[in-house]
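Each of the next two complexes has chain A plus one more chain, namely chain B in the first and chain C in the second.
Here is the complex of A and B:
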């Protein structure tokens, strides 16, 4: 009986002009957004390749150890085509004693006159359009049947009300699920075809969990539409209710949180944590510049447009000063780097906590849950950003340890500009050799160095690798909220069922 | 008789559950928008005050406003101050602070608060521009069909009412309804915002009233659209289509504008611009060195003039690249705006930018002000330096560094560029930005309103023609 009713329901849906229009619109939007996102992703991949090449070139052309500036570069996530997530630049600069706290962009286009708030991705399509589509399909599913009289006829058959409402739910659910799954699978296959070389297990896992989450989302809104339909006998009225509920879920509740509740609850603490971070940064800068002025000021500087070279010929005192400076940086400045990073992590962790609180507060709102969970699934949440920072810091720490182990981090080789083999002369010797004539000294040095550039051997250190998530890991990240999602669906189901039990079918 | 029908229509609409629910929602949203905007205003204002304090601290430090230092390191700030305009929109796509080198216009931009990622923000633009259109659509989509179903349309026809008159009465009653649901909560919201922020200003009150007035053609567009579809055979199917049209203009067009704009008007990458700037400078400097036997590289007293000329010319070369870069950014931004302006909602926000001196409209004037300030400060610095007898009057970025070398190695009292303090440090922090006068603004507003007025006329004509031919039986 259920099967025949289900078939009947699906047939009815397929014949409706309203639903036909809705599906066409949805598919058009899906295809347009997908194409735009794929083009954007391809661009990101090209930029990523440029970033990697630039990084390798930088390492190859490093003239001394202080020039080694490996970068942790995050490969664009394929699944970002579906879910853009928490957007950050993809490069983390790894410099010996600089805190790794913000990502930067290398080969990305950054229009400083326009702050791009674009959020057009498949997640947006689902949370914005699909939710509305489902409500527009299901708002008259019960009262519409009552209006044409079929509900009364059906109830004269030996058919349980529970079975009827189940049929309605599955009818709408299967219809929307198929409408979503077909383009989703086609898009998925096209991505595999287009980007086969850069696909990873993460993509497949994300695709599966994302689909699962979407199914739950569809189920919730199907039930919600039916529930609204049971709340009124007039389809026009339930249409208005549906639109109101949609505005409430999609727009009013999230923005009330973001712009009223959140600032009142958390802004002060966020500001406090950011101030601590600022203080730590200031403290580090203070200690960094609080060096003995007799130590060399000729330390490597990064101007933002390139490194300024420094060279090893110097008075003996200067050379000693440099050694002391390097030791000072390692002993005094390096520990402060960790403190700055810790303070930055505290800010990010706090922001992650507030996002989780939002999930709990809006446990009844699948749009909020979907937005947050899809980021956790895709691997582009704020938590993943923190993990990215930690990976880069691990690499930095390994490089520093390597420098200590091999000795170059704390001796003249760190800033050496000329070949190490020539670095036997100190400035005093040179000064005597040219009898204090600066012009001759310049010529001498130039001739001495010739065209032979620095022969530094690039130390062997580990490069950044994109994390790979296992099934269990992703499941663990979303499990609690998934349960919350399922519970809210069950509650809604019970409410709908009980409402329909009391529904006047006459 | 017309008045009676109008009153009947309005009374019926006021009793309608849809109206009552929407009215309550609008009241709640207007009040919430006042509270949320007040919170944002306070945080932006704190940030502005912090900027101001930081600036005062800097200028009280003698080292900061030393002319020789101003040439190379110092920057000037041009800020669009936080204002009650935030109640209307946060204009989240455009920066409101320009920070540039004191000589040569080389901007970095910033915005108060966090830009955030939300598509919607709780403010008047969201309510008047986005939500009200939807509400007017939902309220009017069964205007004619309902009258037809209940038989009143036929009755009125029997009484000899002209169809056009019926249509106009319907339209007027919806527009009156719009004013009823908008004006009282909007006024309450405005008063609440002024009270919470203490920013009462008659000018802004008039600006808010003007924006309410300007919102009428936008609401009217959706009323005509609703009336138009209510004459369709299957009006409930039509509502689906109309919701899509609404979504298309509210979401798809503004959201995809940046994607298409960036494709149609690409800019170079951060690294490319950085390299171009650097090469422009160093290529020119190298050329000078080659021409002048490496004298540009030397900071001995006899070479300083050559060095200053080389450095400054190289800076000019870099400036050409920076200006090209700025042009690229603006070209792309304008392209994005052009695409977005297909949507009446985006047009509405652009009109509000003119009314409140915000957004891209303001950014253009901020740029002009910054460029003017750069020229003014440069001229004043040169003029002040010319009065200093110790100065060699060499206007170039390394002047301070080379002066140190001069005094260290040669014990000279002479400095490359004056060490006196800049006489007008207030020019380094600009908040007064001149925009169009009232007439100029009015013309610009009218130009932007014209398309929506034409759309109204087209829809109205379509609705009248369709209603004349409608089978009312």
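Here is the complex of A and C:
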């Protein structure tokens, strides 16, 4: 019987002009946002390729520069099309004991379509438009039938009241689910077609979970609309209620969080943590300053294309203290890097926890849950940023060990250094030789480095690898909140069912 | 057969809409309930249909009790209201098809679930109730009230329920449509259907009913058979009751 009821409900929805118009609007918006986002993603990919090429070129030319600055470069996330997420620059510079705490931009350009705090993506379409769309379909699903009179006839059939609610719920749900799923699947096929290398198990899993989450979202709002429809006998009144609920869920609650609750948490905790982070950083800088007198000083270095301000050599007078310096840095200064990083992580973890608290506080608001969970699924949440930092730090730690082991680590930065025995120049002699002309000094040094007798040794080290989430990890990240989502749907279902049990069908 | 025993309904505001109503209608009979507005006619029908729960008493249709098995009882009744409201986005045929599909009788002990509507040729049923062929696949929104009543009867027919509950079915019908509808009801009665009809129309009640009941203040104050009414003036009797009620209300 449910099948007949469902078919009828879907047919009824399909024949409604109001709904027909809304569906067309939704599809147009979906296509527009998708196209703009794909163009943006293509742009990000091009920028990423430029970044990687530049990095490789830099590493290759380290023979001339002597200074190695490997970078951890995050690939653009294809899911930014669906959820722009937590925006961060993509590049992390890896330098000796420098704390890795902030990402930087390299070749990134601002996209005029997506300025800060204006995340026009499919998630926005779902949370803003689709939620409204569902409420506009379902606000009169019960009282509309009562007003027309068909509800009374239906209730003279061997039809349980919960079956009627199920008919309404699944009718709206399937209708909206199909309306969303068709363009969603087409968009994925298009992405796979356009960006061939993207297809992977992870990609498909993320796509599946995003779809699953959207289905839960649609189910919740379908039920919410039906519940509102049961709360009033007048469809016009329930339309007003629906709009008020939508404004509450989409605008008032998120804004109250962002402007009332979050700033309090932010002021009290995040600023406190940031102060700790700042103190640690200051402490480290002070220690760094203390050891800096061991430097020989900087001068111009010639790279072939131009002159760069860099530290290239340790001079004779400082070489004596080199081993001592290295040991000091490794034992005393390097650990401070971890403390600074730990302090930074505490800030990020606090923000992640705050977002998770938000999920629990607003468990009844699928818009909040959807926003946060979709970021966890698509891989551009704060947690992913933290993981990005950690991966880069792991690589940094490896490089430090390698530098100590192979002896090219001299300064506080990575130097593809000439072997120790050639690494001695007398600054004063050199200074006199070039008569204080730094430009000539650079040329001289370049000739010195370029001399085959003093061949540079570029250490072999691994490149940055982007962390990839396994199925289990993705599931683990979202499982609790998915359960929370399902529980909120069940609670709403029970409320709707009980409301309709007492509903006067006359 | 319909049997109602001590059926009462008191609303939350304290209003006693139905006061120990007892009634029995045999198979193949038309019972007409007459009464002023608020007499309790519609309340009785609403309770039998399961729209509102009674505060006391019970209803049986063919030995099925409303209090014990409300879902199965619904298989035994077909309801037709004053304004037959249907799904305006669908044609007459599609409306009938939908209600035929959901007429399934749920499985009970020893009985499998069946759908009595399956044995009907829906197009033939629509023709039988007098719907012209060109309107069968026409959208309901283009139907007149009489045509909607015909679809309503067709829906009741395919449900194949032994009991028909009609709430002011002649209200607003033109003479031709009323005549056609009356003929249809006679046909149903002759086929063995039991019909309970509420109406304000005394002449129609006298003309059609095998038994006429007058309700007042939630009580069934009088019943007369067709034979008894042959020698009495139903109009006078009805007006006497109404006036008595008015006098009582004024005294109160």
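Keep in mind that, in the parts below, the second predicted complex is superposed on the first by the 408 of 506 C-alpha atoms of A that agree within 3 Å, B and C clash if a C-alpha of one lies under 4 Å from a C-alpha of the other, contacts with A are read in each partner's own complex, and residues count from 1 in each chain.
Note that a contact is a pair of C-beta atoms (placed from the backbone, for glycine too) under 8 Å apart; a residue touches a chain by one contact, two chains touch by 3 or more.
Since the structure is predicted, the reported quantities are computational estimates derived from the model, not experimental observations.
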| item | value |
| --- | --- |
| Superposition on chain A - do chain B and chain C clash or fit | fit |
| Touching partner for A:156 - first (chain B), second (chain C), both, neither | second |
| Chain B versus chain C as contact partner of A:148, first or second or both or neither | second |
| Touching partner for A:267 - first (chain B), second (chain C), both, neither | first |
| First, second, both or neither for A:8, with chain B first and chain C second | second |
| First (chain B), second (chain C), both or neither touched by A:247 | first |
| Touch count on chain A, higher of chain B and chain C | B |
| Partner chain in contact with A:432 - chain B first, chain C second, else both or neither | neither |
| Angular separation of chain B and chain C about chain A, which is computed from CA centres of the superposed model and rounded to the nearest 10 ° | 90 |
| Contacts of A:504 with chain B and chain C, given as first, second, both or neither | second |
| Closest Cα approach, chain C to chain B, once both complexes are overlaid on chain A (Å) | 15 |
| Residues of chain A contacting chain B in one complex and chain C in the other | none |
| Chain B residues within the chain A interface of the complex | 17-18, 21, 25, 29, 32, 35-36, 39-40, 43, 92-95, 107-109, 111, 115-122, 126, 131, 134, 138, 142, 234, 236-237, 239-241, 243-244, 247, 251-252, 255-256, 258-259, 262-263, 266-272, 274, 277-278, 326, 329-330, 332-333, 336, 363 |
| Chain B contact footprint on chain A (complex, rising order) | 17-18, 21-22, 25, 29, 32, 36, 39-40, 47, 50, 54, 87, 105-120, 124, 128-129, 132, 136, 235-237, 239-240, 243-244, 247, 251-252, 254-256, 258-260, 263-264, 267, 304-306 |
| Residues of chain A touching chain C in the complex | 1, 4-5, 8, 11-12, 15-16, 148-150, 152-160, 504-506 |
| In the complex with chain A, residue positions of chain C that touch it | 46, 49-52, 71-72, 74-75, 77-79, 81, 83-90, 94, 98-99, 101-106, 155, 159, 165 |
